[in-house]
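Got some structures for you, see below.
Both complexes shown next keep chain A, but they swap its partner, so chain B is in the first and chain C is in the second.
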Partner chain A sequence: MAQADLSSPARLQQAAVPAMTPLRRFLMRFNRLFDDARLLPVLLIAPVLIFFIVWNVIPTLWMIGLSFYRYQISIPDSLAFLGIDNYTDIIRDRAMWQGLSRTFIWVFFGVGIQTLLGMVLGFLFWGSKSMPGRRLALTLLFTPMIVTPVAAGLFFRLIYEPTFGILNWFTQSFFGQEVLLLQNPEVAFWAVLFVDIWMWTPFMILITLAALASVPKAEMEAAEIDRLSWFDRIRYIILPHGKYILMLGILLRTIDSFKTLDLVYLMAVPGSTTKLIAILLRESAFEALNVGWSSALAIILLLTAIAFTSIYLYILNLNSKAKAKEVAT
Partner chain B sequence: MATEIRMEKLRCAFGQTIAVDDISMTFPAESVTCLLGPSGCGKTTLMRMLAGLQDPTSGEIYFGDQRVTDMTPSERNIGMVFQYPVVYRGTTLFQSVELPLTRDKSVSKEERKRRVEDILEQLNLTHVAHEDVTTLDNATRQKAAVARAVARQPQIILFDEPITNVDVAAKVQLKRALKGLVKQHSQTIIYVTHDQTEAMTLADEIALMDNGKIVQRGKPRDIYNNPNNRFGGWFLGNPGMNFVEHTIVNHDGGQHLGAPLFRQPIPLQAVHGLSNVVVGIRPERVNLGEETPAAVKGVILRSSLVIGGQYLVSLKIGSTMIKAKTTRNDLPPPGESVWVTCPLEDVKLFTPAGERIDMK
Partner chain C sequence: MNRVSRRSSRLVVIALLVLTSLVLSVVPAMSQDAHPLAGQSIEMSILGIGGWLPSSLGAQMANDLFVGYAQENYGYNVSFTFTESPFESLFQRAAASLQTGSDEFNIIISDSQWLGALATPGWIVDIDGLIENGLPDLGIDPQPSLDLELFSDVARTTYQVFPDGSDEIWGLPQEGDVQVLFVRTDIVNNPDEMAAFEAANGFAIPSTFEEWEVLTMDQFELIAGFFTRPDQDLYGVAMQHSIVYDFYSMQLYPFMWSLGGQAWDPATRTMVGVLDTPVNAEAMEWNRRMLNYTPPGALSMGIGENVDAFTQGKVATSIQWAAVGLSMVTDENRDVVAIVPPPQFVREDGTTSRVYSMGGQPWVLNAFNPADKMRVAVDFLNWWYLPETQLEFAIRGGNPTVAATLNDPTFDDINPWNRAYKYMLQNDRAQDFWHEPNYAEMLALQQEAFTAFAAGEYNDALSVLNFVACEQQQILFDNGRTEVAPPDECEDAEPQ
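This part shows the complex of A and B:
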C-alpha cells in the first residue's frame, strides 16, 4: 500500500518542487544577485573593501585629523586645535631627528648587508647543486626567518648577557675578556642590528635564488662556452634578468626594516643608542599617551615610507616598461 | 688548421631513456657535418656532450689528439650557437660580439676590432652594429650569436638548430648567411637540425640519426639516393619514399618480383632466405602517363599542386597506395586511371625489418 503511494504522480511532483518557504525565497533572490554581471565584481570585492575602509582608511583619516590637535589621554579636556604646531614641534625636536637618522642608518646597513650577504650565499647555494646535504643546509639556513622576532630578541639578550651569556663565557674562557654589548652605548646599536641581519639574510638568500631561477639557462651556457668571466656573467646576464625580483626583495625588506620595533624594544637597555624612530613613536603614543603629537609623527613616517616605496616602484616600473618595449619589438 | 672530433662508445642515458646509444665515429676536420634526425632522436644531447654541457654516461670524446671528456665547456675552446638566440643584455651588438674576444689576451685591441668588423660585414650587420641588442629582432640576434661564435675563431663551432626560432622570411636570409660563412671559414662545424633542406644545403656530410644511433653517414646526395634503411628513405624527401611490400614469387626456377608495382616478373638476385621484400621508390622517380612494358594501371585518387610547378599525385594500384610527383599537367582527373612505371634503376629493396638489400 505504501509502495503504491510513493510511486503516484502527485507524490513525485511534490518531491521535485519543494514548498516555497520565506527562507528559500530569500536565498533564491540572493543567488540571483550573482547572476548580474555588473554586481558580481562589486559583491566579490566588497568584503575586502569594507575591511580596508574600516581598518585602514578611517583610522588614517582619523589620525590625520588628530595630528592637528593637542590631545593627551592622561589629561582631561586637553583637546585643542593646534594647526600645524605638532608638526613644527617635531621638526624642531632633536631627539626625533636623531631617531630618524638612526633609523636610516639601521635600514641602510641592515638591508645593505642582508642583500650583499644574501646574494653571496644565494650564489653559493645556486652553484652547489650537487653538494650532498644541500636541502638540509638550505632548510637550516632559513630557520632564523621563521623564528618570531620576540623570541629572537630574547634569545640574543641571553646570549649577550654579561654574567651568564654564552658569548661572554666564550670570550672569557678563550681570551679572558668580558664583552659588554647591549650595555655599551657605542656598540649596542650594532649588536642589535646583527640580530636583524641574522634573522633576515635568509630572506634575501631566498630572493636571490628566485632571481637566479629567472635567468635563462641557454644564456648561462652560452657564457660558459664563450668563456666570459664571472664578473661579466653577473653584469650581462644575471643582473639584467634577476634585478626585478631582487629589487622587489629589497623593497620588502626596506619597508619592513623601517618600522622595526619588536626586536629593538626587547633588546634595548634604557638610555642606549638603539632608539629607532618606531621606539620613540611607541613611547610618545603609549607611554606619554600624547595622541595628537604621535599622530603627527606617524603621518611623517608614513609619508617617508611612501616616498621610499615610490622610488623603488618608479625604478621597477621603468624596468618593466623597458621590458614591455623589448617584447613589442 | 682545425681539429677533428672523435667519439668512442659515447653514451648518455636519462634514467631508462637512452638518448645517445654507444656512438663511435669521427667528424672530419674542416668540414660541415649535419646531424639530422627527427625530434627526440638524441642529436641535441650528442651536441651538448660535445660542448661539455652534458656529462656522458660513458665513453670518450677527443678533439684531435686531446681527450676532452672531463673538460668544462670553457676549457674546450669551442664556439656554439643555440636554438634560443643569446645576446648579452645591456650591450650594443658590436660589444656583444666583442665580449668573448676581450678575454683572449693574445688578440690585440686593433685585431679584435678588425675581426668583429669583418664578421659583422660578412653577416650584413654593420648598419645595426651600434644598436642595443635588446631592440633587435630574433633573426638579427641569432646572427649576432653566430658572429660571436665565429669571431673568436675557435677550431670547432657547434650549431644547435640555429634557425628554428626565426620567422620564415628571415630563415632564408639567415640560411644564406650561414652558407656563405661556412664556405669561407675552415673550422670543423657540427650543425644539428631536424630540417632536411637545411642539412642538404649546408652539409658536406650528413649524419642521419635515429633512436640514439647514427644510422647512416655520407654526402647529402648519396644519403638521399641510397638510404641504408627504411628510416632514411622515409625521413628524407618530401614526401618520403613509397614503401610497398612484395611477395617473392618463384618463376622459371628463379626469384622474381611481381604485382602490384610490376606488370612482368622482375628477376631478383642475392635475396636469400626471404619470402617478402619491401620495394622503395621516391615519389619523384615514379613515372606517370607513359605506357612502358613494365607499366601498371593505377587510379588517381587526388592531385595537388606543390611548390615548383609539380603535382603531388596519390594513386591506387590494386589495393596499394603510392604517391608520385610529376611535372606533367595533362594527367586525367581523379577517378580515372593512368599508366604507372617504377623504373628499376630507381627502385630500392629493403628487408621486412627495414635494412637495404644491395642489388646487382
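This part shows the complex of A and C:
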C-alpha cells in the first residue's frame, strides 16, 4: 500500500488551513451577504418586515375576509358568506352613527383642548428655564400620561363618586353643594373627557417642548435684538419651525383618541352618553362574540383612521411644498 | 362429640369473623387502588368570579378539604389554582379560552345566564349525559349521584337548565343566591323613630321577620322616605342601579315580576308585547322613583358600593344579595342588622306578590378536559354535594341549594341571612331570566336603555321597553333562536 507523502509542501499548506465545517461554511456565506450593498438594506429590514407581515398584514387580511361573513363564535355553524351585508348593516345602524358622532366630538374637543393647554403650558415651561424645581415639576406633570387608563378611570370614578368621593366631600364641605357628574347625562360626557384631557395634556406639553427645541437659537436671539413682540416671534419664528412636530403630536393624539375605550368603559356612565364607537366595537366583538360584524366595523374604523392620517400628511406635504417653493424663489 | 362440634363451629365463626374483617379492611384499599389516577399528581384550574366570596370559597374549600379527601379516598394528589375575572368579563375570559378548545380552565363557576352561551357551541359538558351515560370516551361511568335533589325547582331552572323551559341540564349549583332586605335595626327600630313614623304614617315599622314579611313596597317606600335625610347623610335604601353587567336589570325585574309583568315568553321566545307592557312601564317608573331614597350617585351603585353604604351606616336598609351576607354583616354591626324578606307588591287586582331576582352561580365542566382532569372534576363535584361538604360550605358563609342541607334543622341558625335566603329560594318568590346564547348582547342593550331612563336621558318608560323588546326580538330572530320576527312597528321604535 503506497504511503502518502505527508511532508510535501502542498500538503503542509492544506494542513495550515483549519478544516471547513458545514456551520463555518454557512456562516462565511451568510457574512458575505452583508457585503452586498443591494442586499444589506433588505436583510436589515427583513426582521421588522416579517414581524409586520405576521402580526399586522395577515391579521388585517384575515379580518377583511371575516368582515364578509356572518360568524358568531357562540352560535355553532353560524359561518356564512354575506358579501357586503355586514357593511350595509353597519351603515344603516343608528347606534353606529350615534357612537361615531360622539367619538368625533370626543376627538375634536379632547385633542383641541389638550393641544391648546399643552402649548400654553409648554411655552410657560420653556420660558421658565431658571425656575427652581423645574425638572421635578416637569416630571410630576408627566405623571398622568404614564398612568394606565384603567387606573385613571378607577381613580376618577372614585373621586367623582358622590357618596364616598373626595370631590363631593370638598364641594359639600366648602360650598354646601352636591355634585353629580357621572350620573347626570348632561355633564357625564364632559366629566369623562376631562379625565382624558388630564391624562394627555402632558403629552402635548412634551410635544410643544420638542417643537420649541427645534427653533434655531440664532433666530430667537435675532428676534430679541429686533425687539419682536412675543406674538410675532410665535407667528414668524416658532410656529414655522415647530409646526411639523406639533402636527405630528396632534396626529398621534387624534388616532389614539379615536380609539378610546378603557377609560370610558371603566367610568361606567349610565345610559349611552359616553358610548364611543370603540365601546360599540367591544360590545359586538367581546360580548356578543359577533366576529363578522365586528370585523366589518373595525375595517370601517381603520379606514377612518387612515383618512385622518392622510389628511394630516396632505397638510404637512402642502406646507413642505410651500416652503420648498419659498426657498426656490 | 358435642364438645368437638361446638368447638369446631366456634372456630368456624371466628374464622368467618376474621375473614369478614379482612375483607372489609381490604375493600377500601382495593377501591383506592382501583381508582385509575391513584398515585398520580393532577393540577386543576378553576375560573371564578373575581372579588366574589362564594366563588373564592369554592376554590378555597377545594384546596383545604378536597385535596385531603382525594388523597384518602382515591389515592391521588391534586391541587387547584383559582383564576378570577370580574362579573362583567368572566364570560369573555372563559369564551376566549374555550373557543380554542383549551383546557386552561377545567372547572368554571359561570353565571347562570351564561349556560346557553357556553352550552350551545359545545364548550361545556352535558350534565344530563354525564349522569345517565357517563363519559364513555374518557372512561367515566354514569354519575347518578349528581342527579341532585335541590331545595326548589327555581334553583334547578336557574343553575342547571338550558334551553329555558326544557329539562336539559348543563350546570350544577355552586352558590345559591336571592335578594333579601338588610335592615339596620339601630336606625329603623329606634323607639323614638318608630313612634314618630307611626304618628306620621299610621302604621308601625316592622321589627320582626314576620312583620317584615307582610310589608308592602308602598309601605316600604314610606319607610325609605322617612329615613332619607341628606342633611344627616342618611338615606332610606341602597339598591343597585349601575350600568355594569346585570346590576340594573336585577333590581328592576323584581318590580316587573311582582307587579305581574314578564321579561319574555320563554316558550316562543317572544319579547315584543311581553316586555313592553303598561305594567312593566309602571314598574320602571317605580324603580326610578326609588332613586329618591338612595344615596347620591346611586346610578353608579353596584354590589360593592351597596355594601359600603350599608356598613358605613349611610342607609337604613339595603336590598342586596344574600351571597354578600359576610360583607354586609360585620363585627361592628352584627348586633344591629336584621335580614328579612324584601317587600311584597300589591297588584292591581289587590293580590300581593313578591318575585325577586335569582343570583348565584353554577359549576360547569370544560368539555375539552383530558380524561384525568375530567375524572378529578367529576370526583370533585361528587365530593362537593356530600352533606358534610355542603354543611361546611354554609358554615363558611356560602349558600347551598341541596334540599337535605337546607332542610337540616340547624341550617337557619348557621348564618343570619339563612332564614331569609331559604324563604326567598322558592318557586313563587324568585325567578331568573333568559339563558340565551345571545345573553351578553341582549343584556348590554337593556342595561344601556334602562340606565338611560333612570338617568333621565329618556322619560317615556313604555317607549324604552318597546325599543328594548324590538331590538332583543331582532337579535333572537337573527340568530335563529325564535320564529317570531319583530313586527313592522319595530322599525319606528325609538326610546324617548
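Everything that follows uses one rule, which is that the second predicted complex is superposed on the first by the 269 of 329 C-alpha atoms of A that agree within 3 Å, B and C clash if a C-alpha of one lies under 4 Å from a C-alpha of the other, contacts with A are read in each partner's own complex, and residues count from 1 in each chain.
As a working rule, contacts are C-beta pairs under 8 Å (C-beta built on N, C-alpha and C of every residue); 3 or more make two chains touch, one makes a residue touch a chain.
Quick caveat, the model's predicted, so the values are computed rather than measured.
Trainee: Who does A:Glu219 touch here: chain B (first), chain C (second), both, or neither?
Mentor: First partner only.
Trainee: Considering only touches as defined above, state whether A:Ile237 meets chain B (first), chain C (second), both or neither.
Mentor: First partner only, chain B.
Trainee: With both structures fitted on chain A, tell me whether chain B or chain C touches more of chain A's residues.
Mentor: C
Trainee: In the overlaid three-chain picture, which partner chain does A:Arg227 touch, first (chain B) or second (chain C), both, or neither?
Mentor: After superposing on A, A:Arg227 lies in contact with chain B but is clear of chain C.
Trainee: Have a look at where A:Asp35 lands relative to chain B and chain C in the superposition and call it first, second, both or neither.
Mentor: neither
Trainee: Just to be sure I read the superposition right, which of the two partners does A:Lys275 touch: chain B = first, chain C = second, or both, or neither?
Mentor: Second partner only.
Trainee: Under the stated contact criterion, what part of chain B meets chain A in this complex?
Mentor: Against chain A, the touching part of chain B is residues 51, 53, 72-74, 77-80, 82-84, 86, 88-91, 99-100, 103, 134-137, 145, 148, 152.
Trainee: Show me the residue ranges of chain A that touch chain B in the complex, using the header's touch definition.
Mentor: 216, 218-219, 221-229, 232, 235-237, 240-241, 322, 325-326, 329
Trainee: Where on chain C is chain A touching in the complex?
Mentor: 91-92, 95, 99, 117, 120-122, 230, 241-244, 248, 295-300, 305, 308-309, 314, 437-438, 440-441, 444, 448-449, 451-457, 479-480
Trainee: Note which residues of chain A are touching chain C in the complex, please.
Mentor: Contact set of chain A toward chain C: 72-76, 78, 157, 161-165, 168, 178, 180, 182-185, 188, 268-273, 275, 283-284, 286-290.
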